[in-house]
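Take a look at the structure below.
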């Protein structure tokens, strides 16, 4: 059986507190034996979550918007080079068994919306997504986490329901 | 000089009131001499806006998620067949000079977010997108319209600023 | 009934003779009342075929690899902005009812191959594609044309078989 | 430093001899400590090369055309789910440091062409691609291999030139 792939999405420019949370998410994902997947670049939530996972001995996949690996994080083991710009956001969420979303702006919100549309459970950590997605919250597909540990517990519960 | 392309986004299953607004948007876009672009399918806001534009003598472009034209609206003149599923949402917004968003769910919200990230002005007609996009509202890139006529006036003002 | 969409593919840097053929193809497509679709940029076979169609009063669609319209041909009426680089080659061929291929290099050959895989008839005009595609030639899906007029006659025959 | 990623492309329906070569390529790639990347499905060259790599203890990445993992090979560790059909062929080649092509049909030839256009070295193993790609053969970017071991030696030489 393959390992679960957990997507961590979030902004390219974030506060130190958000970066700390992203680092901790990466570390906790690695310690569970899961694969971390993110947008691959060497900045923001992408860099922090990859570094956290890598330093905890995990495997990291980065799905880049670029057509080269020039901007890839040094903590990414497997760069997926798409050359597709924001269309790679769709690949990020389809390739993730569960998605965790940290604060970001338009790109991050698009990933939350695309993940929900694709049937993925999305765990929000410090991001408010508004009434437009209320239907998914009502159905239990969209959940809030209090901190990284809480997010990971909610991921674990979802994975169990998906047969992992 | 080419004609402006106005994107109208919104759900595949919508109320009769939303469909009426979408039809009127299409008709107003056509009467301005603009090109209507949407997701191309024969349902919801896509079908209604294409029909409105077509019956008012306009030109209509539909960017389909499918790899065939099987589900295209009969009111679409130019079906763009992507075979890319939700990744075509990126093409919808990049190809539009201005985007109008009607009520929908995850797919529509992803288009609002992707359009804003790509620098497009987005006019919301009866859709609430939440605090996650507050920065774009503050900068004037994200606006609310009261009704289809108001939306078209806001599109006109934006086009003027973009040199059309 | 919508108008047929004819894709004309070919290199970004071509000889004057190839550009003349591409211009003539565009003109003949427009005079038939068909829509011309190509890769949209202001160079090579794209520029020449769009100009030929436009000057003959036709409608032209350009599916751009870029995420802006900066490099679009002035003869393109409808720029489709993908931001997807070479992945837009797939959209070029899926959106065409029939594909004509002029000389080019890797990009053009990828479009020939993708079009055949997607079930499109491909008419070659001065391009040699080798034994790897022999199966499609055997089945009649891949044909050679002697000159632009011959290519257009072969397109016409294919369209008839597709119900246009 | 990350491990090199070697793409193995080829048909979904192939002879037993081609499948044996693909299996051996996968095994040799894994023994070198490289990552195997292919199109991810449980058939043809994809299945055989993934199995070869997996049974030799390697890491395997499969970039699926589908929007689910339903058709993924059981020998794939990391399924990348694109939902983009043939547009994933672009991702296959951009994500590979070197590409090896086995016999196939339109899809495989599109990958050879896209890889060359993207600047990748392509090693052909039993596939004839014709005069349309002669310029790449002349420049040394397109090479023929006699058997899987020869292909791997040519990959090794290319990797050295790329700084691995």
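Going by the order they are written in, the chains are A, B, C and D; count residues from 1 in each one.
To be clear about the criterion, a contact is a pair of C-beta atoms (placed from the backbone, for glycine too) under 8 Å apart; a residue touches a chain by one contact, two chains touch by 3 or more.
Because the structure is a prediction, the values reported are computed rather than measured.
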>> On a CA-centroid basis, which chain has its centre farthest from chain A's?
In response: C
> Is the number of contacting C-beta pairs greater for B-C or for B-D?
Replying inline: B-C
> Roughly how far is chain B from chain C, going centre to centre by Cα mean, in whole Å?
Replying inline: 28
>> Using mean CA coordinates as chain centres, what's the gap between chain B and chain D in Å?
In response: 40
>> Please output the residue numbers of chain C that touch at least 2 other chains, ranges allowed.
In response: 67, 82-87, 90-91, 118
>> Touching residues of chain D toward chain B in the complex: what are they?
In response: 67, 82-87
> Mind pulling up the chain A residues that touch chain B in the complex?
Replying inline: 84-87, 89-91, 105-110, 112-114, 116-118, 127-133, 135-136
> Okay, in this complex, where on chain D does chain A touch?
Replying inline: 2-3, 5, 35, 59, 61, 63, 67, 76-84, 90-91, 94-95, 118
